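Here subunit A shows up in two complexes: once beside subunit B, once beside subunit C.
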Partner chain A sequence: MIELLLDGFVNVLVPGNFIYLLGGLILGVVMGAIPGLTATMAIALIIPLTFTISPTQSLIMLLGAYNGGIFGGSISAILLATPGTPSAAATVADGFKLAQKGQAGKAIKTALISSVFGGLFSSIVLILVAEPIARYALKFGPGEFTIIMLFSLTIIASASGKSMIKGLIGGCLGLLFGFVGMDPVYSIPRFTFGNVNLSSGINLVVMLIGSLAVAEILIQIESVARGRTNAHLPPPMTKDDDRLTFKEFKTLLKTLVRSSALGCAIGALPGLGPTLASYVGYDMAKRNSKNPQKFGEGAIEGVAAAEAANNAVCGANLIPLLSLGVPGDTVAAMLIGAFLIQGLTPGPLIFREAPELVYNIYSGLIISNILLFAFVMLTYKFFTNIGKLETTVIFPVVCMFCIVGVYAFNQSLFDVWIMLFFAVLGYILMKFNFPPATMMIGFILAPLFETNFRLALLISNNSYAIFFKSPITWFFWGATLLSIVTIARGKIKDVLAERAIDKELNNI
Partner chain B sequence: MKRKISLFLVISLIIMILGGCNNTPATPTTQAGGETTQAPKIDYPTKAITIICNYGAGGGTDLATRALAQAMERILGQPITVENKAGGSGTLGIIETMNRANDGYTIGVLTAAPLTIVPHQMEVPFTPEDFDYIGTFGQYGYGIAVKADSPYQSIADIVALAKASSGPLAYSASGYPQPFAMNAIGEKEGIEFTYAPYASASEVLTAVLGGHIQVAVGGQAEITQFMKSGELRLLAAAGESRWETAPEVPTLLELGYDVALRSYMGLGLPSGVDPQIAAILQDAFSKAVEDEQFLQVMRNMNFMISYTTGEEYKEFLARTYVENKELMAE
Partner chain C sequence: MKIKESKAEIFIGLFLFIFALLLLFYIIPTQIRFVPSATTSPRLMPRFVAIIIGVLSLTMMFFGYLKRNRLNQKEFSISQKEAKLVILTLIVIAIYTMAVKYIRYIPTTIISLAFLMWAFGQKSKIKLVLISTAVPIVIYVFFTNFLKIRLP
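Right after this comes the complex of A and B.
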């Protein structure tokens, strides 16, 4: 196997192949960084170009673009509070706070190292144990997914921050918006007000750009109106602000391993995707951190947790794809198309039909991570320089990108209006200190929860036993209970502490 | 400062290109010979043509469309861009086509399901009569499949399973017309099935692979992929004829069930396009569907190639529209 892998490295590094990997990677990073143009779109754009090239060239180019695109999203998340790609949404909270403190360089390097770590981690898992993981992942059916979603909903509570009520309101808003579109079982339009444009629901990209990016622009406009027209981001104060020290890296190690493992698990399960992975990774890091109050205020741990998780999905997506031919998410489904175009059938057959291609893909994944590291280290200064521009210059440009990007996403002006609607809503939520993440999580989970819940009941002829029938469901029931108990305990502690302070104040 | 400006320029340039700016400067076609013309012969095409695909980029219909567009590009000598307008169960792209100018420079991918089935599920502003059709280039095939290591070898086994189970037996599918196949079986045998709707063709099969559901009504392209890897067994083809990829498996018609699912990928124009232009397009289309590279992509994707003329397609759609209205009302 080692021999095959080494052959793979040689094959990928042949200039004729390498150039495709590099091209795909750069296109991915650039498209990922531009709001509205996502990693998914980069893949969709590249596939028609692969009709006439070799399978190795095609697949390493696509994987390079995917890897680069998922990382690229974090650049704009950190510098502009704008997730360039949906999976970078969880990075905004801490990444932008760090940038505002002059630590943009540190944040980008943290994101980069985490992404590469997550990518390499999942590549190794893919190479070593893909088949058993994929077989196990198939055991997750609608019943199991329903309970996982129930567990994931508790993330809303822990992402709520100071006010649980506001967090839950945000979460419910998200759930509500998630229900817009066709009823998943009866195919009847819901909450569409008779508008065909709404019949396939609100797109995650459109909503994220509106409620995070454009809302942030509105906040900036407000501060400019108040007379603040200095440079967008302060320059680094010390040398350490621009880099990630080895000491810091060591403190991140646990978070990186945890997030990468979570990313792998979510990537291997069909239907979940990198955005959910980054939110779950972030939440788990926060719960296990010694200083959870630092999360959302500029913790490098937060950036690392989200970015390691979403890049781990890239490699892990290939686990069910290569070993069974089952796509894990939209991007993986497109990769299946890319295989088929080459006349290859993804799945167990491919190990017999084209083993050298499989190892080329493995090596391509590993090399794309190393290449990503080198490319960003060489060019990141170029990106952080954006921070030196004045807000009055940079935000109109960002605003234009958002509008053009959202329009380009589906050539739909209607989407632009939806984006503006969410911009206003996002602005109001930010002004009243509603944590924006709760709305996103609710929005992502709503369709997943509903569809799986209803499918489970259809399959079981309305017997609720389906939610208790396998050890997987028991495990997630347990995790849900544990999660609720720890959140409640934390809240009670807070309330008691507040009362004690009140008492002391009264005594004085 | 210069560097930043150039960065923005480069990025905005990329956006423009990606954003579907399809006004590629058209080089005027200089036609040699036969200059002394009689009737005002139409000069078409003189600029880029757009094809609106009603499904998302990177999916099966999109890739087939792009392969076809490349072939037509070679024949017509003008660039053809594919614009994706997904959503509304495939109807948004069709509405977009209807609303574009009927100058012959916008062609729509008009698939059968959103034209003949979705209008009976929700309000849409069109009927199949609102378009001029160029023809069909591909057919979506369907079949009934079970897990390869399951004990069920035939449709009769599934019927027995359904009769023996306590409640209605659930099957997975991803939208109409697939459920019509199971409805036909249920009607004849006097049994009930539950339709468990999954969002995509691959999820339909994943549910069966995971053992969560016993039977799937899936797409030919996807089922063939898993038959090759030995994970699924096809019990019956649900179309008019047996599959080329599985000639030993009978159709539902042969088994005595009165059902044959048919759904096509076709091209069409907003109605009222100049007949001369339509004729040029139909001619180019009929050549493109024989293009070797297009055929190769279709074969690799496990798609059935199905060429019918615009006339035939229009007739098919009008008939199916009425039939489905009755079926969906049940």
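Right after this comes the complex of A and C.
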């Protein structure tokens, strides 16, 4: 393992590969720092550029963008009180308060060190955990995989946000779109409406760019119509206002470890994602702090907790992706697209088919964190201007990039129409609070679930006993049940809280 | 335009319920061939999902109805100005997709980009001309020369 990892470091540091990692990272930080443009969008824009490059170059570039994008979101959260990415929302509370006190430099450096800490922590967990899980997963048959997919489908409910019904509907729509194309067992067309272009199904990347990137731009365009303002922040008063001292770092250590571990656990569970991680990390730090009243008033602990947790998701997200082929969130779903472009399928077999690539990914992840630290330390003053970029320029340009990116995928204008369809659908879903991520999870899981389910029934002569045969299936039935109970409990709590608010309002 | 959460849920639920019925009784039977001897029919999963959509949409309508008198309801809103800009962007992308085959990539992109920037409120003529010309050229050179992908 160590040898492969060292080889991985050498491979990533070769100038021909390193330049892609650096490029991805810079693009990620820049896009993450621009409010409205997310890490997901950065990846969506990069994927079409990966056709002609090697798998290592492609994946390290995307991971660099992911890492950079998640951190970049904290820059505008701190400077403009506008989270560049949803996962930086928890950073706003304390980060912006620090910036208002003239301590923007301290806040950014705290966010950076915490992000790097979280990223490195989760990379190590990934290296230690992913391969043993994958080795075990090789023993799974279609019956076991069906139950794993069923378990993964319950994640749709937990990724649903406030309304579980909306999340589930989004997931069902995703499943339906996943059925478009040829039937996996009988090879007869389904939902193609006589169009040959649809016979190979809907392309994942096209759908992602449409329903996430372009739909998000459409939502942002509304804010262009409303007009935007920039924040005016005071300069630092003392030297310490612009840096994170070693003494301060020492006091943050406990928070960093706790938040990174939490981020790892959340990232490893499909469907939860960095936004939830940052809130949970923030909440745990507040509960365990000696000065919880300082949270929300400019506590560096708050910034550190949120940032360590959300960046820890980056590495941990790859655990289900690499070991089981299950995407943890939308970014992981996009990474599946990148793997497929290279003719590779993420999952347990990848450790046998392309072990070098897996270790290159591990090394790329570690190096991207170190690079992120060096890059931002050198350039963070420049990034303070990014939030001031004109929306009248940035959104039309990104729109054009999305179109050309989708076209480049198959050199087909039909794909651009599909993108437009998903842009409209994604916009409507976002507008009415349907989380589009659930549609994405449903879309990815649809063929996996259906193929394994039907294969299992074919093998077992239509006997459903195959889904209860082995201890693995029982384990995942238990996990599915536990997941449903946990989600239901959370939702009941939410309903009760809502009712209490209703009662209070009625009393007023 | 403003719409209360409960009303929106009833309307969307109704729309989805009709969609589920359409799926079950028209789209699936016409779009997926019946395989007589199939142990697991190609229609099985789509039907199952259509039924779930139907059930969920009814549940959504029911909850929307229960919520109708609630005071702390969310309101979904979009102003005319916002809607106009969103629709305009979609129309520009649609026209662009139709036109790019005939007018070619660079001129179509220059016109579309400049128009969108102007529609979004960019008043500087220098920026309009410079950015809308430079971006398509850079993209074109990058895709055709570096990625070896032919653009229309």
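By definition in this document, the second predicted complex is superposed on the first by the 281 of 508 C-alpha atoms of A that agree within 3 Å, B and C clash if a C-alpha of one lies under 4 Å from a C-alpha of the other, contacts with A are read in each partner's own complex, and residues count from 1 in each chain.
FYI, a residue touches a chain if its C-beta (ideal position, glycine included) is under 8 Å from a C-beta of that chain, and two chains touch if they have at least 3 such contacts.
Not measured: the values here are computed from a predicted model.
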{"item": "Partner chain(s) touched by A:411 [first = subunit B, second = subunit C, both, neither]", "value": "both"}
{"item": "First (subunit B), second (subunit C), both or neither touched by A:401", "value": "both"}
{"item": "First (subunit B), second (subunit C), both or neither touched by A:197", "value": "first"}
{"item": "Contacts of A:336 with subunit B and subunit C, given as first, second, both or neither", "value": "first"}
{"item": "Subunit B versus subunit C as contact partner of A:175, first or second or both or neither", "value": "second"}
{"item": "Which superposed partner A:458 touches (first subunit B, second subunit C, both, neither)", "value": "both"}
{"item": "Subunit B versus subunit C as contact partner of A:348, first or second or both or neither", "value": "first"}
{"item": "Contacts of A:138 with subunit B and subunit C, given as first, second, both or neither", "value": "first"}
{"item": "First, second, both or neither for A:391, with subunit B first and subunit C second", "value": "second"}
{"item": "Shared contact residues on subunit A - subunit B and subunit C", "value": "51-52, 185, 188-189, 397, 401, 404, 407-408, 411, 458, 461"}
{"item": "Footprint of subunit B on subunit A - complex, ascending", "value": "30-31, 34, 37, 40-41, 43-45, 47-48, 51-52, 138-143, 182, 184-185, 187-189, 194, 196-197, 199-200, 270-271, 324-327, 330, 333-334, 336-337, 340-343, 345-349, 382, 385-386, 389, 397, 401, 404-405, 407-408, 410-412, 451, 455, 458-459, 461"}
{"item": "Residues of subunit A touching subunit C in the complex", "value": "49, 51-52, 165-166, 168-169, 172-173, 175-176, 179, 183, 185-186, 188-193, 214, 217-218, 221-222, 224-226, 390-393, 395-397, 399-401, 403-404, 407-408, 411, 413, 416-417, 420, 423-424, 427, 431-433, 446, 449-450, 453-454, 457-458, 461-462, 498, 501-502, 505-506"}
{"item": "Residue ranges of subunit C in contact with subunit A within the complex", "value": "8, 12, 16, 23, 27, 31-33, 35, 38-40, 42, 44-46, 49-50, 52-53, 56-57, 59-60, 63, 70-72, 74, 76, 78-79, 81-82, 84-86, 89-90, 93-94, 96-97, 100-101, 105, 109, 112-113, 116-117, 120-122, 127, 131, 135-136, 139, 143, 146-152"}
{"item": "Complex interface listing, subunit B residues touching subunit A", "value": "3-4, 7-8, 11, 14-15, 18-20, 56-60, 62-63, 66-67, 70, 82-89, 91-92, 95-96, 121-125, 166-168, 170, 175, 194-200, 202-203, 205-207, 209-213, 221, 225-226, 228-231, 293, 296-297, 300-302"}
